[in-house]
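For reference, the structure is listed below as structure tokens.
Chains: A, B, C and D, in written order; residue numbering restarts at 1 for each.
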């Protein structure tokens, strides 16, 4: 999952605005589904972020080509915990643990076998 | 409608990212409803932007306090045309004509008398 | 220039937030430079958007894969006028004319021959 | 610090896009400076976010009026640790600990007495 840093991602500091790294991670999570012809939204079933822990290690700048790696820390029946790391070449730029709860409508709901498989195969 | 320019609104140029001026105009349109205890989304009735014409006159920067003025150019049964101008004190920063179509679901729908009144009273 | 629609690009309507189509156009303009190993920011020389005219034809939704086409309408010494069109497959979703002024610092400045060539070769 | 949820803050789920809560917290931090006629950017001195820990407790929706409270957890010579909480009326929506490093250019730099006072007085 390659992500180019565009004007809209930067701020007056000249670097990527801090919360946008979480957006880049979300793009990578969605692309796990899209790349298999699936969608992270299935009827009224979907994931919501319940907790994040992010470390800003280096600053990415306009034009940088970043790479998001997604690893599974824990798969439970109703939630997932991922480790997502953003690199610029070999350099670690950002690292986050992301906990996702699976909902149907607004209620907690079991993650389907098909969806679990997407993450188990990472 | 006062709007402060925050980090997230700026880009590497040090000024407000161009399309964010349209966001500021949208906030002002929504606030016309919210300030009267109403919402621009009423069941499945809502407005969509169908055409915009924007002139970027001055550059707003981090910390600026901007003011959005909204004037009505045309009220029709199914659409509205507005002139929205963004000022920093007396200085004109941005100016746009915005055409909005009124939908119910995904179909064109008559603007209600109550909603028309919001714009007629500007 | 392919662009995937992610969560962050959508709003409560379920479709792409209107001003984000301008962001997608900006990404395509920047990528014209990046794809040749250049940057739209060269020292203190860069472009700013001075006028836009956008027509919202169809609504793009979460997961859509969009394509931005950039055509030159006019190349002048200090400014450019582009026609940028966003497609989903064969369907036109958004169309905009974008006028860009070339600046050095905050002053109008001649577009270099190298930069002109990027646009002449589109 | 009151923040209205606008279209741009929401996504297809109908609720606020997760990383935007961090943006709301950043607005509140900047406003601590602006409200006193100061700026978080002072020459080439400024803060960068080095670590965040966020809990998404409730979902804010279009039109909600949110309130950001900022408390100091730790003030050190080169960094700050804040607890920022977002409420909708009495209901806690989001909570984050945010660690900020103080830089001059790209180097760690002592937080000035004047800036420390802003946070000590919270």
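To be clear about the criterion, a contact is a pair of C-beta atoms (placed from the backbone, for glycine too) under 8 Å apart; a residue touches a chain by one contact, two chains touch by 3 or more.
For clarity, every value in this text was computed on a predicted model and none was experimentally measured.
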{"item": "Chain at maximum distance from subunit B, centres defined as averaged CA atoms", "value": "A"}
{"item": "Comparison of A-D and C-D by number of C-beta pairs in contact, larger one", "value": "A-D"}
{"item": "Chain centre separation (subunit A, subunit C; CA means) in Å", "value": "26"}
{"item": "For subunit A paired with subunit D, centre-to-centre distance based on mean C-alpha positions, whole Å", "value": "22"}
{"item": "Mean-CA-position distance for subunit D and subunit C (Å)", "value": "32"}
{"item": "Set of subunit C residues in contact with two or more other chains", "value": "7-8, 12-13, 19, 23, 26, 41, 62"}
{"item": "Touch-based graph of the chains, sorted into line, ring, star, complete or other", "value": "complete"}
{"item": "Complex interface listing, subunit C residues touching subunit D", "value": "7-8, 10-14, 17, 19, 61-62"}
{"item": "Residue ranges of subunit B touching subunit D (in the complex, touch as defined)", "value": "4, 6-8, 23, 26-27, 30-31, 34, 39, 41, 62-63"}
{"item": "Footprint of subunit B on subunit C - complex, ascending", "value": "12-13, 18-20, 22-23, 26, 41, 46, 48-56, 59, 106"}
